[in-house]
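Here the chain labels run A, B, C, D, E and F in written order, and each chain numbers its own residues starting at 1.
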Amino acid sequence: MRVTVHRKAHFNAAHRLYNSAWDDEKNFKTFGKCSYPNYHGHNYEMIVSVTGEIDPVTGFVINLDVLKRIIYEEIEVYFDHKNLNLDLIEFKDKIPTAENIVVLIWNRIRYRLDDHIDLKITLYETPRNFVTYDGN
Amino acid sequence: MRVTVHRKAHFNAAHRLYNSAWDDEKNFKTFGKCSYPNYHGHNYEMIVSVTGEIDPVTGFVINLDVLKRIIYEEIEVYFDHKNLNLDLIEFKDKIPTAENIVVLIWNRIRYRLDDHIDLKITLYETPRNFVTYDGN
Amino acid sequence: MRVTVHRKAHFNAAHRLYNSAWDDEKNFKTFGKCSYPNYHGHNYEMIVSVTGEIDPVTGFVINLDVLKRIIYEEIEVYFDHKNLNLDLIEFKDKIPTAENIVVLIWNRIRYRLDDHIDLKITLYETPRNFVTYDGN
Amino acid sequence: MRVTVHRKAHFNAAHRLYNSAWDDEKNFKTFGKCSYPNYHGHNYEMIVSVTGEIDPVTGFVINLDVLKRIIYEEIEVYFDHKNLNLDLIEFKDKIPTAENIVVLIWNRIRYRLDDHIDLKITLYETPRNFVTYDGN
Amino acid sequence: MRVTVHRKAHFNAAHRLYNSAWDDEKNFKTFGKCSYPNYHGHNYEMIVSVTGEIDPVTGFVINLDVLKRIIYEEIEVYFDHKNLNLDLIEFKDKIPTAENIVVLIWNRIRYRLDDHIDLKITLYETPRNFVTYDGN
Amino acid sequence: MRVTVHRKAHFNAAHRLYNSAWDDEKNFKTFGKCSYPNYHGHNYEMIVSVTGEIDPVTGFVINLDVLKRIIYEEIEVYFDHKNLNLDLIEFKDKIPTAENIVVLIWNRIRYRLDDHIDLKITLYETPRNFVTYDGN
């Protein structure tokens, strides 16, 4: 009897899509306005989904206070009000697309959870564009 | 060619998270403000998702009027404007966490559906906390 | 040049609509399922709207951190995870309808704000039922 | 490392649920007000979900501009501001239920995507009724 | 002490924007795809906002059951699953734009309310286009 | 008979709240994480609300295509995917708070509208923080 518990969270950040191996023209052709030099930004919304057995003593798959603390320490402190290109070592040589960000978020939360818990992350870059990753 | 049909519904209820085998201090440490003695409450929103073949005569997996009647009879009559701890026999000795509620909802709807239909329930306790259960 | 700044907040509470001067039958006729004896509850969402001049030094009408602290101290501490009928002195002899709650919220925030600031409160009892009050 | 990219889109259309092999009474009994003769309509919202590997050069599973052009050409041009019963050849002898529409949308987008990309479509007929189809 | 009570409701309808005094070309130039001959449709969402004094006996400005019945009788029965051009006498010689519909809705509800109640209607044609009217 | 027509739009931008007359410590004390040096960003959502008489020939207060073109030319081209501090001359010596941005947006749209039209702008910096300005 495995249930999935979902928790929404959010952070605000600036970024820019730019491949430094290319000139500006090729970057604009591929990334459009997302390649503008002075950055733009988003209200990133995320859903953290953890799946596991219900503990019969508490009725919880995971205590939400524990999950909220993990999200705070691993995601909010690390991403909120940051410039993803300039402030995060992971995007020094990798483009901070939603796809690459969601994999990074998944990795940061995954190592904090017990092995018997499954994890899936949904990341909204805008209300109309979003991505999901579950480690497979 | 299996399609999933989703229907949203809702009910309002009071509850309290409290393990009667523990003293108040341990309850507060585990459940926080959710253990307050006089109950609090939520607008529970739910999504009922049924998966099956499209009937070529009607174009339906299930007639929505049938699904709405099942939701009304099994969920709204049973849960709406109730105190989950005091009014529902299932939570006499079980804590009404979102996890335990979603399993109860799944069971009440499951027995009303044909065997070839798959069922999944999503239950929102708040817009930021929600759970899903599909019987596995 | 007056601008309005809006901040969303929320609290979860239990309540019951019941006029103790009436018998149960008249209460049910007036309040329906909202009069059930064991309480039900809601995720109350609120919008606090303050109107004033922009401070040319900060670009703010009000510092959001100040507004968030007022909301925390006056509303969240006071209303969150409470039973409005049993835990709040104001509803000892007054029915906790959305109308009466929004006036109480307005009064609690109003006395914390400067006189030159206008205040309006919007309170959602459910996503489909909500009320507004601006002191007039 | 497969990531799913989701893109929301929408179109407005009129339709009517009516089986021409039945008389009006049987249609009304099955389809209710949806069988009214002069059509009604919906703001159809859809989520197009494509799953694939991240391209290490761009950081994209699929360039959103490419996906937006496919959605525009295959869905918006074809469905937007149309009468599904009268204007679309596919619904000459098939009832335009949400189930049948979502399969048609899936087929129109599927043939435009590379084989290694998986596709799932979610179609909202109203905010409370929606369907999903992934080709299985 | 006047409070505003808001109630959300909805109906689905087909319509077409077309001025019969003009040829098709001029209609298309003015109304675009909204002038297509076979109609399209919308999920119309509306907010009915009534303002008045709080009744000290009930704590209500208006009993929501009364307001819901007015909305059902005046709006849902009249507009839901209809073709606004063909089925409603008011749009025989008037174009069913959101502006004209909201005025009609206001008039139908206004005559059912006491004089000391103020009324405002908000009508969403789509989530991005909406109109408001308060009788002034 | 004046009706208000509302149109939603959006843009994504980076910004930073920083008063150059102050040192970093005072900036952090006033603006918190919003003062971080490398910028952060938001999905700004806006509602443009125009009020006027209904034209009896078209049934419109304003043709939405006209309004959408004004929003595109004055707001989207100017603000979308920009760094508000670095790219916009208006914020060379003014802090790009939501309050200051909404006044700028109002001014840019106001001069494009006829005098008999009233204008109000609502600007969401996040789903929980937003501002409104109507020129008074």
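Throughout what follows, contacts are C-beta pairs under 8 Å (C-beta built on N, C-alpha and C of every residue); 3 or more make two chains touch, one makes a residue touch a chain.
Bear in mind the structure is a predicted one, so any value in this text is a computation, not a measurement.
*Asks:* Trace the shortest sequence of touching chains from subunit A to subunit D and report its length in steps.
*Replies:* The fewest touching-chain steps linking subunit A to subunit D number 1.
*Asks:* Any chains in contact with both subunit C and subunit E?
*Replies:* Touching subunit C as well as subunit E, we find F.
*Asks:* Hey, how far is the Cα centre of subunit B from the one of subunit E, in Å?
*Replies:* That pair's centroid distance is 34 Å.
*Asks:* Let me have the rounded angstrom distance from the C-alpha centre of subunit C over to the C-alpha centre of subunit D, please.
*Replies:* Taking the average C-alpha coordinate of subunit C and of subunit D, the gap between them is 41 Å.
*Asks:* If you average the CA atoms of subunit E and of subunit F, how many Å lie between those two points?
*Replies:* The computed centroid separation for subunit E versus subunit F comes out at 29 Å.
*Asks:* Counting only residues that touch at least two other chains, what does the list for subunit A look like?
*Replies:* Residues 127.
*Asks:* Dump the list of chain pairs that touch, please.
*Replies:* Every pair of chains meeting the touch criterion: A-B, A-D, A-F, B-C, B-D, C-E, C-F, D-E, E-F.
*Asks:* Mind listing the subunit E positions that touch subunit F in their complex?
*Replies:* 17, 19, 30-32, 94-100, 102-103, 127-133, 136
*Asks:* State the interface residues of subunit A toward subunit F in the complex, per the touch definition above.
*Replies:* Within the complex, subunit A contacts subunit F at residues 10, 12-15, 33-34, 36, 38-43, 80-83, 86-87, 126-127.
*Asks:* Which part of subunit F faces subunit E closely enough to touch in the complex?
*Replies:* Per the touch definition, subunit F meets subunit E at residues 1-9, 54, 57-61, 63-65.
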